[in-house]
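Each chain gets a letter, A, B, C, D, E and F, in the order it is written, and its residues are counted from 1.
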Amino acid sequence: MEEFLSKINENFINTDVEFETINIKVDSSQWVETHQKLKDEFDLKFFSWLSAIDWDNEVSIGEAPKESVSPSFEIITCLSNVSNNNLVTVSTTISKLEPKITSLVEIYAGANWHEREAYEMFGINFENHPNLEKLYLPDGYEGNPMLKSFELISREVKPWPGEVDVEGMPEEPESDESVDG
Amino acid sequence: MIVQPVLVTAAALFSLGIYGILVRRNAVMVLLSIELILNAVNINFIIFDSMLADSLMQGQIFTIFIITIAAAEVGIGLAIVLMLFRNRQTANINEFDLMKW
Amino acid sequence: MVNTLDPQNFNNFSEASVSVEIETEDMTLNIGPQHPSTHGVLRLVAKVDGEKVYDVKPVLGYMHRGYEKLAEVRSYPQITTLVNRIDWVAGFSNEIPFIAGAERLMEIEVPERAKHIRLILTEMARISSHFVFNGAYALEVGALTPIFYAMEDRERVLDLIESVTGGRFHPNFNRIGGVKPAAGSGPTTKKDIQDLPAGFYRDTKVAMQKVIEAADQFQNLIGGNEVFKKRTKNVGILTAETAEAFGVSGPILRASGVKSDLRTLTDYLPYDQFEYDIPVGENGDCYDRWDVRVKEMVESAKIVLQAIDSMPSGPLQAKVPKVIKVPKGRTYVRAENPKGEMGYYIVSDGGLGPYRLKVRTASFSNISILPLLLEGALLPDLIAIMGSLDFVLGDVDR
Amino acid sequence: MEIYEIVTYFTLLLLLFSAARVVTTSNVIHAAISLVFTLALTATLFLLLSTQFVALVLVLVYIGAVIVLFLFGIMITRAPLGKNAELDNDKNKLIGATISGAIFLLFSYILINGFDGEIVITSGSSTELLGEILLSRFVFPFEIVSFVLLAALIGGITLARKDEALVDEDQV
Amino acid sequence: MTDVLVKVGFLALAALNGAIIFTIMDVKGASWMQRRPGPLHVGLRGFIFPLAEILKFVQKEDIIPTEVDRPVFKWAPAYVMVSCVALFAVVPMSPTLVVADLELGIFFALAISSLGTIGVLTAGWSSANKYSLMGGLRAAGQLIAYELPLILAVVGVVIQAETMSLVGIVEKQIEWGVPFVVGGQVVGFLIFMVAATAEMMRVPFDMPIGESELTMGFMTEYSGIRFLIFYISEYMNMFILCAIASTLFLGGYHVPLLPTEWVNFYGPVVLLTKTAILGFILVAVRWSQPRFREDQLQNLAWKILIPASLINILVTAVMKVGF
Amino acid sequence: MISYFQDYVTIAAVLGFGLFLVVLLLGVASVLRPNKPYAEKLQTYECGVDPVGSGWSQTYVRYYIFGLLFVIFDVEAVFIFPWAINLEKLGYFGLIEMFVFIFILLIGLIYAIRKDVLKWE
């Protein structure tokens, strides 16, 4: 572990360790190279997951971050090794105005579905992705649900899809808290 | 029982088969029509066998051979139709106008 | 930002989900969402030529419940209820990594006894999940009887879980800092013995013995069956390399010959105190995947028996504040669940609930291998391979 | 033998009807099923003419095997479900009817004039005897048949296989 | 004429009762093997449950999808039913208690049973459903592949008995003193039973129905009464094939050492007992085996059963002529 | 009526009974059953989604080859049965005859197996 950490520190600048997890912050232009390196040189062959965080001060649901952040997407991948407990998360920040990043499918085949999920949930474009399509959401679904600006009270926007509504539509829009708990 | 009605029916079956061969466009249907013709022949053999009632049962034996050969014929015939279909994507005999492709 | 209504994308998608007539030689077969062996509502759009499958496209989302979104507006104790329902076959296991993550961020030291109880119940959840797999898989390859045996044997384990937690599928038993006092205990003054119901140790010992017997029975009844072997051996071979690249974990990864178990690699529960084997397969085919799970049941039973014997006494709960607020920070806690690696990436901004909760579920990654495994398989193999991955739709769609 | 003749004529009538359906229906599967009925009625006719073994051979080989082969053929050549307008060559209909009608008239004339006899069935013809004759007097054709069947088998396999290979190259 | 009606009435009783008895046996056998109660609440501890089943299906709506080829779809079950019922005609309960002792008895049975193939194939085709089509093709492929071992296994018996009449075959076994299964047709019997299981489309050969793969195969679109017809036919077929197997190989209505004068009295009981024993074996196999894969099934038929049955014929013939 | 016809009339009656049973069941059901069709109910089953493409498709030629093999061996069986009941009379001559016959057809089966037409992969 120690040895691994020092090797990581030699190769990457922006690293920190939090609860036995090594976080590497990279620039989005370094995204693919970093992963290639981690896979080849650090033997992190197990692709655990990829996801994103929508950093935004103006949130429609939940609580806003305690301190103000610059609106951006943070993309995180988690890599590990199946035979030891080396666990690395790689994160990068991309602009919300032009959310795109190179796909990792070439390196980790398993990134395919995770990227598709991030694409539909956040609207992040993964370049060179073989088939960047929706994964979960039905045809014609509008919007990216995991954005902080996306209203959770979706039933006010769209009617219940079935023939019979399980319960009546709310007469007038309720406040976020009362609907969401 | 008088044999003539049976014979006429066999003749009718035969000519229906001919009609089918001439009119049908689908190769499988043509093969079906050929079966009708063979069936007409079978009926004739059997009726003559019953008429003659010979000790050799030649009518029946010939019918069995015809059925055998018909089975082989259908097997090969359909195999050819399938091959044509695979090459031409159709079972329409009007399209099969080339000897070689 | 790309609008998802972009005509380009939209067209691609509709082609994928085959809402257009396809003028090809081949038959496009929809397997699912309402199909007897898709474990719920998975849909596979398979292109088949006769019996041969040469392209498969899984269509997910029929059970997408948006847990990650919901978690953003709920407090930590409320989320425990949510995560229960992710992999409902092993509900208890889902709570562990989440609770452990929150505890880690809050820097709470959980009492040993609570950890042991968690461990026992997790292993029981694993056993019950593998029981379900055993029965369902046999059903999928056409044997109709084993599922009744499996369900009957699972009942004993579920009864035990119920006697402790009060719930069979969704126990909601973990609390940040420990576990809830057991359901059947009732009000009593002796705090340290009220946690587990009376006779729990005895019943568990009997039940675990039965589990070991049942696993043995499965080895004979299913594993020894020539037809079953013919159906599963050398079918759907998955190499270790591909498995790792796709993030396939758990018994499926181990069946491919990788001796990897998060129970030994990480310390979310005190597994290092017990002795157990990690069963590993050889070929990575369907039979191995089945075999590994059956053997795992025995190992889990052994762990439970050991844990019962070495159960420490002490409190069930660490001291926690009345209002649970998790300090700012982020952590990823992963656990070896019955289906594979399950983890929660918690990003806390110091509030009542997480700012972002990423749920990494095992089945999601596990079934992303399906298109690869199914290429060129025969239709019956498709079912056999799909079944051997042992996924739960709640675990896929979240 | 009143009932016997009524039954026979009725069989003949149905036979004609179902045979006509084979060549006139515009649904491919219906044609094949009509052929099943034609053959079943032919088998009935054979039974009425006391040749039970041949009748059962007809059922076993034709209905049990050849028709199944036809159905496979129809399915493989992707016959559409339901009515098929393209099935018939309409411009041939008249000429076909003329030719087949002429053949029918000619044959009927010859057969009616040429043969005049009465059949009295006293018992079913013996299968044992049939087998004995088949395997003693007709032993040479019998062995030849095996070669014919072998040739058909190998030919059929070769044809069907060859085109499978073509498909592999072209389409898959 | 009354004679014929009596015989048909007797047959109706045998066919329907056979189907019902075998349904109960299958279901109760299942519950016994699966350690569960099984049907309990309908009448006599669940033993009249098949009647309730029939009543249930009769009351169900018969849904015919719009896409289907209606006449073909509607009558496809009839072929299967008719071919099953017709098989009952030739099985003797005793030398005299037989509906029709044909000279070509077993040959007739084999010929008429091939009618069912057309039923399943047209059922699968006309449903206009992919699962049905695949199921129908599988069913037809399976039925024809296993029809051959079935036919060829019978030839061994016919060689030994020198007759195709089923009564004649049983009489020959009485004459020999032992059933044919002891007298040299063990292989033939095994082949016959395997092929018969496949003909019934029961586990482990149930891939045309293969509920976990093809949902219900060629029966997917069938509901209500038409499904019931397939369902009854399945059990009738099971009953009658077991009865034919006991007649051909196990000595039919006679057991050695019993006086042949009394055969009319104990014949039916003996035959039914033998049939039930064979049926029970099939039930046990059904509830304890997974299903084969389609290619394994075909391989078993063409590469093992058919060559084996041909060799069985030749060996039997050599024994017959040589000794 | 001679016994030959007696037998086959009975067979015809049995076939008639089979058909009668079907018609009876259908008739009873048509009286008792409800009939409330609507478009969704009458849709072809395809696992809960709208059916895609045509309901049938080109099938494997493999099934055709099975059918062909079956036809050939079925015909063979037709010849075997008359032989089987006459074996005693025909003696060694018949035995050799059938040996040749079966052998020639076995060549066909071996050819089919060797050509891998029975293989699925």
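The rule is short, and it goes like this: a contact is a pair of C-beta atoms (placed from the backbone, for glycine too) under 8 Å apart; a residue touches a chain by one contact, two chains touch by 3 or more.
Model, not experiment: these values are computed from the prediction.
Asks: Is the C-beta contact count larger for C-E or for E-F?
Replies: Answer by contact count: E-F.
Asks: Measuring between Cα centroids, which chain is at the maximum distance from chain F?
Replies: Greatest centre separation from chain F goes to chain A.
Asks: Find the geometric centre of each of chain A and chain C from their Cα atoms only, then give the gap between the two centres in Å, rounded to an integer.
Replies: A distance of 22 Å separates the two centres.
Asks: How many angstrom between the C-alpha centroids of chain F and chain C?
Replies: Centre-to-centre distance between chain C and chain F: 47 Å.
Asks: Indicate the whole-number Å distance between the mean C-alpha point of chain D and the mean C-alpha point of chain F.
Replies: About 16 Å, centre to centre.
Asks: When the C-alpha atoms of chain D and chain E are each averaged to a single point, how far apart are the two points in Å?
Replies: Their C-alpha centroids are separated by 28 Å.
Asks: Could you list which residues of chain D touch at least two other chains?
Replies: In chain D, the residues touching two or more other chains are 4, 50, 52-53, 57, 60-61, 64-66, 68-69, 72-73, 75-76, 81, 121, 124, 127, 130, 134, 145, 149, 152-153, 156, 160, 163.
Asks: For chain C, what residues touch not just one other chain but two or more?
Replies: Each of 19, 25, 27, 35, 49, 51, 378 in chain C touches at least two other chains.
Asks: Residues of chain F touching 2+ other chains?
Replies: 8, 46-47, 51, 55-61, 63-64, 67-72, 74-75, 77-79, 81, 85, 94, 112, 120-121
Asks: In the complex of these two chains, what residues of chain D are touching chain E?
Replies: Interface residues on the chain D side: 27, 29-30, 33, 36, 52-53, 56-57, 59-60, 63-65, 67-68, 71-72, 75, 81-82, 124, 126-127.
Asks: Can you list the chain E residues touching chain C in their complex?
Replies: Those in contact with chain C are residues 30, 33-36, 130-131, 134, 203-204, 206-207, 210-215, 286-296.
Asks: Which bits of chain F are touching chain D when the two form their complex?
Replies: Chain F residues touching chain D: 2-5, 8, 55-59, 61, 63-65, 67-72, 74-79, 81-83, 85-86, 89-90, 93-94, 97, 100-101, 104-105, 107-108, 111-112, 115, 117.
Asks: What residues of chain F sit close enough to touch chain B in their complex?
Replies: 61, 64, 68, 71-72, 74-75, 78-79
Asks: What residues on chain D touch chain F, complex-wise?
Replies: So the residues of chain D touching chain F come out as 4, 47, 50, 52-53, 57, 60-61, 64-66, 68-69, 72-73, 75-76, 78, 81, 121-124, 127-128, 130-132, 134-136, 139, 142-143, 145-147, 149-150, 152-154, 156-157, 160-161, 163-164.
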